[in-house]
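Look for subunit A in each of the two complexes below; its partner is subunit B in the first and subunit C in the second.
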Partner chain A sequence: MVDALLGSAVQLLTPEGERVEHPDFDITLTDAELRSLYRDMVLVRRLDAEATALQRQGEIGLWASSLGQEAAQVGSAHSLRSSDYAFPTYRDHGVSWCRGVQPMEILAMFRGITNGGWDPIARRCSLYTIVIGNQVLHAAGYAMGVQLDGADEAVIVYFGDGATDEGDVNEAFVLGADYQLPLVYFCENNQWAISSPRDRFNRAPLYQRAAGFGFPGVRVDGNDILAVMAVTRMALDRARSGGGPTLVEAFTYRMGAHTTSDDPTRYRHAEDLEIWRLRDPIERLKVYLARNGMADRSYFDQVDHEAADLAVLVRDGVRAMAAPAPETMFDHVYVDPTAELVAQRAGLIAYEESFAEGLTA
Partner chain B sequence: MTSIREFALPDVGEGLTEAEILRWLVQPGDVVAVNDMIVEIETAKAAVELPSPFAGTIVELKVQPGDVVAVGTPIVGIETVAAAEAPSRQAVLVGYGVREESTPSRRRRGRRGTDVDETAAAPADEPAPAVAVSAAASEASPGVVKAKPPVRHLARELGVDLNRIIATGLHGEVTREDVRSAAGSGAPPAAPSRQAPRDERIAVHGVHRAMAEAMAHSARTAPQVTEWVDVEMTRANQAVARLREAWQGDGVRVTLLTLVATGLIRAVQAHPLTNAAWVDEGPALQMRGAVNMGIAADTPRGLLVPVVKDAGALSLRQLAGAIQGLVDDAREGRSTPADLTGGTVSVTNIGVFGIDGGTPLLPPGQSAILAMGRVVERPWVVEGVVVSRPVMQLTLTFDHRVMDGATGSKVLRAVADFLADPALELLVDSR
Partner chain C sequence: MTELTIAKALNAGLRRAMEHDSRVVLMGEDIGRLGGVFRITDGLQKDFGEHRVIDSPLAESAIVGAAVGLAMRGYRPVVEIQFDGFVYPAFDQIVSQVAKTLRRSEGAVRMPVVIRIPYGGGIGAVEHHSESPEAYFVHTAGLRVLTPSDPGAAYRTIQQAIACDDPVVYLEPKRRYWDKGEVDLAADVRSGDPWCSRLLREGTDVTVACYGPMVRTCLEAASAADVSVEVIDLQSLSPLDLDPVAASVERTGHLVVVHEASKTGGLGAEVAARITERCFYSLEAPVLRVTGYDVPYPASRLEEHFLPDLDRVLDAVDRSLAW
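The block that comes next holds the complex of A and B.
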């Protein structure tokens, strides 16, 4: 079933780790680059697993798992130049990781102690957008600015299959086509819009929608990191050279729950997971690396150790995160605070301090 | 050096306040690593497993399967090796305040010099749940006493029970001065309250809520008629005994329920309206080819109705196996969503509760449900002589939009006739 759907998808590495040719797409990477792709995927998966556990232990309020989507996220983000700009969703931990966002910055947001988490300008990566599809419009607007500046820069925006039903996403498609924006629409089709399955709302393959808007669409095997990189690089090059936008549909699968508030066993069968487990993005690259002598046991062990260390770092770091002082909520409302907000801030501080009164009075 | 750490029930959803403990995956004495799964819980949204935040040895399970536990309640004690783990810290979740019982050291802070004494003797490293209880009890009636949070905090620090203070505030609220003077006058401190029976409102969720919604919908929408009949069960009992004997050792569990289900399937096949559903649009009748038989089961999680799919296509032996498998799954909590949906007609066995008969309500989307009462020896008249015979009452509730009284009566009579002499009915049918 999956293979039939993937029929039109670009693939360079089979689920069994065999390198195959494609008439239109190819990629050449050094052994070191391939190893670093593997390492990033393993570390992102470990971060995801630890964050899921921390939510179950009450340390963070919510977590959206990226399990199974590592190749789509890490592969596309690795295709970016440092000057390019990314707009991720709340599930794109592999993207933010590759943009240099620190795990603690991501987890601080899910712990509810920051309104953002990181400096989006410094990271060239916007904050996670929780509203479905909203960031696609942001990206279109940002890309219009890039175009007006004549900057040598491409923009990539991430969204899920469910988001393609949103007006925001379709409006952003129209803008991208009309203005020939330097923009890559990267759709991670993970088959599930919370509990609604793909075929409930995608009557036609998603990548084909691009044709109706007037730009190319490509479906890529989203669990094949080589194909994801080859296709995303092509789309980014088109964007930078004035060729206009491209829709990339990375065909993948959400192996975990929608978020930690969701219980997917209520609406999907375990056998679907078994099918996709055989298509795991990390395993296929590992097999490819091992079979071709690009990495050996000691390298894989070393990455596993790194992942275990990362888990401890994340766990201890999150537990040690202190809640900010309540009055900091006023800090980023305006550059120059209004008199009303100054008064509210002073009132809040006085109220907080009144808890300590009495015993000392 | 070791210390005992507590793991408090987290909010695993977004803003959930409580969860039910389904089962423990560990027992006292078990050694666990960080993130080993230790307990399965069910919230209004999902059944999930919780991973241990600590490495160590389980020393105490503080709550039992079936308990509905408030978020923040300690559920397990784990003995850890000191310094192996970062200090425990309760999350401050979005929408929640800091929990009072976060760590023992915090709990003791500020209690110096006060007259709250129940923890004074507690060993330094041991949590003192009694304090948490008394603090909660003094706060348990916040609707009665008006006081601002800082004043409540002060009262707690001074060990003053807000309920026993005369409020002098402008709007009838307890003021900081009220608390101080009460503390100074030696007013009685907050006493740990006895667990007296009290009025309370309990949230309904999970299986219970699903049942409530389904039954209310059924009662509102379908005009339901109930008929009943007594059946003499001598031959049916014999048939069950014979089948058990014949299939002994095959692991097939034949019960009276198997036979009743068989009788109902035959009646449904003879009267297809029994298997139909009323459709408001039209209006129309949705006729259904397959007989998907729901079997009401009393499980630890509440009433579940697993469905035997296409029961009419099964042999008696297959039917027995299917019922057995589905009911076992339901009781073990293994039912899949598919197991619990798609029923077209149902059977419920209230006899197992020692009940003679009753008027079941239709599951939504179904037009008939048959209830079987207990089998009990009753006076029965045979050829003018009163004798003692095993008798069971059968009750059929049906949707009067779908079937008229004559049809419903024929269906119930057909089941009764089958049970009165199953062998004869099967022979007659095999003509």
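The block that comes next holds the complex of A and C.
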């Protein structure tokens, strides 16, 4: 069934790690580039595993796992130039990682100490947007700005298969087509919108929607990082050269739960997971690297050591992240605080201090 | 001084803002070639080009969502929602994104977005064209809410809203679009402060606080009253500037708040609560409210019974004094 669905998808590396040809897409990467793709995927997976464990230990409130989607995220983000701008979802830790967002910056929101975590302008990577699909319109507006500036930049926006039900996503398709925006719509079809399977609300393949809006749509094997890069690069080049938007549907699978609050055993079968475990994006690239002499045992060991170091950094870092002072909730509500907020802030501080005085008296 | 309608004053203010700052872009449905259904943007696309006066798809969430992205890119988008009742598809973007992005980014990303909305009734329109949604926006932290009541205020405050680095919901009293008044087109008003109430008529017996389309109604009521009525235009609904109202109530001891929007949970309730907190010992009567009723906006043949008018304002003034 998976193979039938993937029939139309661009693939350059089979699940067994065999390099194959595609009539329209190809990519040439150096051994060092290929190794860095592997390294990023391994590190992001370790970050994800540690975060899941930290949630189980009560150290973070929630985690949306990226497990299984590393090739789609890392491959597409590696296709960006530093001057391009990315709008990720809350599951795109591989994207934010590749944009230089630090692990503690990613985890701060899930730790519950901020609703953001990083400077989106400095990272050229917007903050995670929790309302499904909202960010797709932001990306369209940002791309309008790029177009007005006449800048040689592209914008990529991420969303899931579930988000394609949202009006905002479809309205953003209209904007992209209407203004021929320098924008790549990157849909990670991970097959599940919490408990709703992909085909429940999508009678036609998602990538085919693009045709109705008047721009190209491409389905790519989302667990094949080479194909993801080849297709995303094409779409980004097209965007930068004034060719307009492209919808990329990365066909992948959410190997974990929707979030740590979810229990997927209530709605999906274990055998489905087994099918997709055999299509794992990291194993696939590892086999390819090893078989073709592009990386050896010592390299893989070195990456594993780095992952272990990252795990320690994540565990220690999260535990050390303390909540900010309560009155900071009044910061940045407005550029300059209103008189009412100044008064409310002072009221909170005085109220909290009244207990401290009571204790010392 | 030049005599202009509110509609023309807004047009002149938008033009001035666009001349001053090339990052100001306008976006909305039918605002380009048509000049908007109320002609507020008339002629601006011809003079500034399609890239700065952008005809949008018929999609309100897209208009506001795109404005968020434009603001992230450093632009100062001024978007038009065609009618009050059509802002709700964009409500999610306004509440979840426009209002919260500065806070979420801890100050890194400003949202200098102006969302212009013609609002209020009194024009005999079909359903969804006569609503007063201001309380939703006032209740949302991170937004500022302005509503002008005359051409001079319209010319000033639209420019000040555009110059503001916070998002502003700018509510235009549509039935007053054609009211005329004096406008000082020569004045450079951008740096002025619109976040204040305006004492428009002095009086000694009763204070009437109002805003937007009700300001003219209340001024007419004050002229017709046989007692002395002080009229204050709130103008800035968020943040509220109640210092002039409190100072007035300390003199008159009576306050009536007037708005078209429904009563429960409306601005009148907030003004009443705050003035009661501040002026408890000055008040000689409870703060009274003259508002629309707690019903969906009625069909147009009934709207004159729904909308506060001169007589209902005077009735409340009398009731307050007789308390």
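Here is the rule we go by: the second predicted complex is superposed on the first by the 359 of 361 C-alpha atoms of A that agree within 3 Å, B and C clash if a C-alpha of one lies under 4 Å from a C-alpha of the other, contacts with A are read in each partner's own complex, and residues count from 1 in each chain.
We take it that contacts are C-beta pairs under 8 Å (C-beta built on N, C-alpha and C of every residue); 3 or more make two chains touch, one makes a residue touch a chain.
What you see is a predicted model; the values in this text were computed from it and never measured.
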Worksheet entry | Which of subunit B and subunit C A:N292 touches, first, second, both or neither | neither
- In the superposed arrangement, does A:L148 touch subunit B (first), subunit C (second), both or neither? second
Check your understanding: Regarding the shared-chain residue A:Q302, is it in contact with subunit B (first), subunit C (second), both, or neither?
Key -> neither
Which partner does A:N134 contact after superposing on A: first (subunit B), second (subunit C), both, neither?
-> second
Going by the contact rule set out at the top, does A:G61 touch subunit B (first), subunit C (second), both, or neither? first
Review point. Can A:D331 be said to touch subunit B (first), subunit C (second), both, or neither?
Key: second
- Query: Is A:R315 in contact with subunit B, with subunit C, with both, or with neither (first, second, both, neither)?
  - Reply: first
- Message: Contacts for A:A339 in the overlay, against subunit B (first) and subunit C (second): which applies, first, second, both or neither?
- Response: second
The intersection of the subunit A residues contacting subunit B with those contacting subunit C is none
In the complex, the residues of subunit B that touch subunit A are 7-14, 34-35, 45-51, 53, 86-94, 98, 110, 149-150, 153-154, 157-158, 176, 179-180, 336-337
Contacts from subunit A onto subunit C in the complex sit at residues 114-116, 119-122, 126-127, 129, 131, 134, 136-146, 148-149, 167-168, 171-172, 174-175, 178, 331-335, 338-340
Given the complex, residues on subunit A that touch subunit B span 50, 53, 55-62, 111-113, 257, 260-263, 265-267, 269, 315-316, 319-320, 323, 351, 354-355, 357-359, 361
Subunit C residues touching subunit A in their complex are 25, 51, 54, 57, 59, 61-62, 64-75, 77, 89, 92-93, 96-97, 100, 102-110, 141-142, 144, 165-166, 195, 239-240
